[in-house]
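The structures considered in this document are given below.
Below, chain A partners chain B and then partners chain C, in two separate complexes.
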Partner chain A sequence: MHRSSSLMHLPAWVVQTSSIFGLFLVWTVASRFVAEPAILPSPAASFQAMADLIARGTLTSAVQESLITLVIGCAICIICVVPFALSIAQSRQLAMILQPMVRFISCVPAIALIPLFIVWFGFSTKAVYATLFYTSAIPLLFSVITGVQKIPRVYADGLRPLGAGPFRIVRDVYLPGAMPGIEVGIRLALSYGWRAVIAGELIIGSSGLGRVLAQARAANQVDQIVAVMIAIAVLFLIIDRLILFPWNQLISSRWSSF
Partner chain B sequence: MVAILLLALFWWALTNVFGVPEYIFPSLSSVAAALWEALLSGRLLDDTRISIIRLLLGAVVGIVSGIALGFLVGLSRTARIAVEPLINAFSGIAGIAWIPLALAWFGTGLAMSTFVIWNGMFFVVFANTILGVSRVPPTYAQAIFTLGGDRREVLRSVILPGALPDILTGVRVGLAFAWRSLIAAELMGSPMGLGQWVNEAATYQRTDRILAGCLTIAVLGVLLEALMVSWIARRTVVRWGTVAVAEERKAR
Partner chain C sequence: MIQLNERKPILQAINLRHEYEARGQKIVALQDVNLTINAGDFVTVVGPSGCGKSTLAKIFAGLGTPTSGEALYAGKPIKGASSERGMVFQELAVLPWRTVVGNIGHGLEIAGMPKAEREQRVAELVRLIGLEGFEKKYPSELSGGMRQRVAVARTWATRPPVILMDEPFAAVDAITRLTLQEELIRLARTTKQTVVFITHSVEEAVFLGDYIVAMSSRPGRVLEIVPVPDMGINRTWEQMIRDPRIEAIVSRVFELVRGRAVAPSTERQHA
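Take a look at the complex of A and B:
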């Protein structure tokens, strides 16, 4: 009890750095104990493998390919889905018919559909895009619809008698009002999308980090597998923290009226 | 219900009216035929049974370890802060990215699928248990202490019911992740199982079988969620009133 209360005064980052440090310590000890780099490579060996992969250019180009796939795929998804969702949400009946349909479709995991995408597009990046689109579109659609439905109807009703057309209403009421929902949707789309990209690349083996992972697995290079996994986790955290969080702040403060 | 009928109608129209070729998008009837054929040959039942056994084994390990460790960590503020970066780091790679490593470690046996499912579930259940435990207002626990209860009683009658809604959310999300990871693990190597069935269908370019497999996977996923989570929720948190009936209303 005493120890925990004295630990409480440590700043959070000290505790958190030491827990990450602890993880590496446990990993090092475990890899010493296992003493079989083909099963559990040491952290040093894994980072060495990462450095090798970077030196050969494999990892850097794979990261580039995966990130480009993610960005382009999510952009396509946003461009297609957000206007669609905004127009659906205008009509309550349409939303009521379409929502359960999409919900039913969304029960099929994207991974199970990857074989179908392979049949359609071959072992190409197109199949990865299809996986990404399918995964990201659904949370985005639901978030935007929820965002629109949270806007009090008075705002749109108040603008209409003043002579605003549907375009004006979308621009001045629905778009800014649904911004929190769109934000959440894009955030979900990116984080689900990242996993979908990795999974798609892993199974389809067309390009990117997933393919490096699949190749390392085929060659039984466990140190490379671990290196790529670390890269995936770090990139996920960077996407989640550095890009989405500040951007969130920016948008919410810009339209702080809601 | 209406939505499903409309969807079926749309599907029928896609293949029969717009003339999308069968090998790209099989018609409703050929998917039904593929499903029926698989059912008669016993393949479907075998694969389903294997997938469900794998899922249950992994899910039990994942749920039990997630809840137990979540309680241990959630009760201490320092431990909560300490594990936060670990949860973040691991949730970034949870699921499918572990499969190559799992294949290297365990081969293609039951240990591999259990590990992959555990890994897909554990961090969600763990994080949500921590959240739930930490959200229980300390006054409730203090009240029990004042009335002469001991630590065990506080855990049983305050923390557990207070944290259960969050734990169930964790289990629900975790089960969905686990089901996905299992299908991926089967796609990538496990012998038998629904994922493997779809994979084999893909090698023969049998889109009707792929879709039949996808439908089975979807229906089973919904059923598992309904059986394992909604059933427990109705019997516990909804009955206790910890969760407002809003959730019920939303479900309707």
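Take a look at the complex of A and C:
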């Protein structure tokens, strides 16, 4: 009781940092205990491997490739899905017909579709893009639809007697009103998409961090595998904290309902 | 009523009937509603909840279609919403992602008014509703009364020939409501605005209206149209509650809407 209350008095970042520090401590102890670098390399060995990969330029170019795939893929996904979602959310009937369909398709995990994508697109980045698109489109679609459906009807009703036509209402009510939903959707699209990119690259082996992982496994370089894993986690953390989180704060403060 | 008939009818309801289905049951919200509202009138429509008074406002606004009968604006059937008939809602209809000036100027923006002219008009309205210094605030940063002022100003800004108000002050605290009512009267009288004001409060209806349309509970029908003596632009609540004529009207309307009125007094109907 006393311990937990004293923990509460510490600043949040201290608790968070020490939690991550604890993870590394457990890892160090475990790697000492296993004492077999080919199974569980120590943190020091893994960071050494990371430094080597960076020095050789392998890691930096792989990071570039993976991030570009993520950004372009998600951008295509957003451009295609957001207008589609906004238009089907307008019509309750259309949403009712399409939702079960999309839900059924979404039951197939993206990884299970990779063989199909390889058949269609070959062992190329196109197959990675397909995996990413498939993975990101579904949460984005549902978030935007939910976002639109959460907009109080009175917002649109209030604009019609001001002379607003359907186009105005989409522009001035549905699009800004669905922003919180779009924001959640984009966050989900990026985080699911990041996993899809890595998984796709790992299996398809066309480029990026996934390919480095596959190569490291083929060469039995466990320290490199762990190094790439850390890079993947840290990169996503940076994207989420530096870009998505501040954006979320802005939207939720402005859009807070009364 | 004679003086009202001299003016031009702007809104008319002819044998209006509105039905809807709820849980498999047919509900008649409005039945045999006949009503004529003239340009320049401040009409209050009062009745118990569920008497279809909001439905009536929605039909006049063009946001709903009657099951049968006709709703006319300036002699023509109403088809869909139009900027000729503004509407203020009970719920907060101002957009939370627009500032005070962004919301007030929204109708003018839709109408395509040039920016400079729009800003000037909005600034005037902001002054009129006493929101100077709050121009750049978002609705979530305002009090309930301020938000409803913004909603009223947004509708007023485009100067529509008719303004429909559906219990606009119902969600505002009682003391703020008194102020808003007095402000509304002044605004409506100085601009000679036609207003149809829906309320469930008899006192509010009597305080605001040139005449009161008393409606019955489901199915909603017009029971009686009760005229109110002219109290002038600067009427206040203090002055109204002391007037014995007003007191008599309040009790008459109470009897009507509670369904306790003895055979409608013919003398009053043709007054």
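The working rule: the second predicted complex is superposed on the first by the 232 of 258 C-alpha atoms of A that agree within 3 Å, B and C clash if a C-alpha of one lies under 4 Å from a C-alpha of the other, contacts with A are read in each partner's own complex, and residues count from 1 in each chain.
Following the convention adopted for this analysis, a contact is a pair of C-beta atoms (placed from the backbone, for glycine too) under 8 Å apart; a residue touches a chain by one contact, two chains touch by 3 or more.
Everything quoted here is computed from the prediction, not taken from an experiment.
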item: Touched partner set for A:A112, first chain B, second chain C, both or neither; value: first
item: Contacts of A:V154 with chain B and chain C, given as first, second, both or neither; value: second
item: Touched partner set for A:R217, first chain B, second chain C, both or neither; value: first
item: Touched partner set for A:I78, first chain B, second chain C, both or neither; value: neither
item: Partner contacting more residues of chain A (chain B vs chain C); value: B
item: A:L162 touches, of chain B and chain C: first, second, both or neither?; value: second
item: Chain B versus chain C as contact partner of A:P176, first or second or both or neither; value: second
item: Chain A - residues contacting chain B, complex; value: 4, 7-8, 10, 12, 15-16, 18-20, 23, 38-39, 97, 99-101, 103-105, 107-116, 118-120, 195, 198-199, 202-203, 213-214, 216-217, 220, 222, 225-226, 228-229, 232-237, 240
item: Complex interface listing, chain A residues touching chain C; value: 152, 154-155, 157-164, 168, 172-173, 176-177, 179, 254-258
item: Residue ranges of chain B in contact with chain A within the complex; value: 2-4, 6-7, 23-24, 76-78, 81-86, 88-90, 92-93, 95-101, 103-105, 179-180, 183-184, 187-188, 194-195, 198-199, 201-202, 205, 207, 210-211, 213-215, 217-219, 221-222
item: Residues of chain C touching chain A in the complex; value: 61-63, 80-83, 85-87, 89, 91-97, 106-107, 110-111, 138-140, 147, 151, 154-155, 158, 160, 164
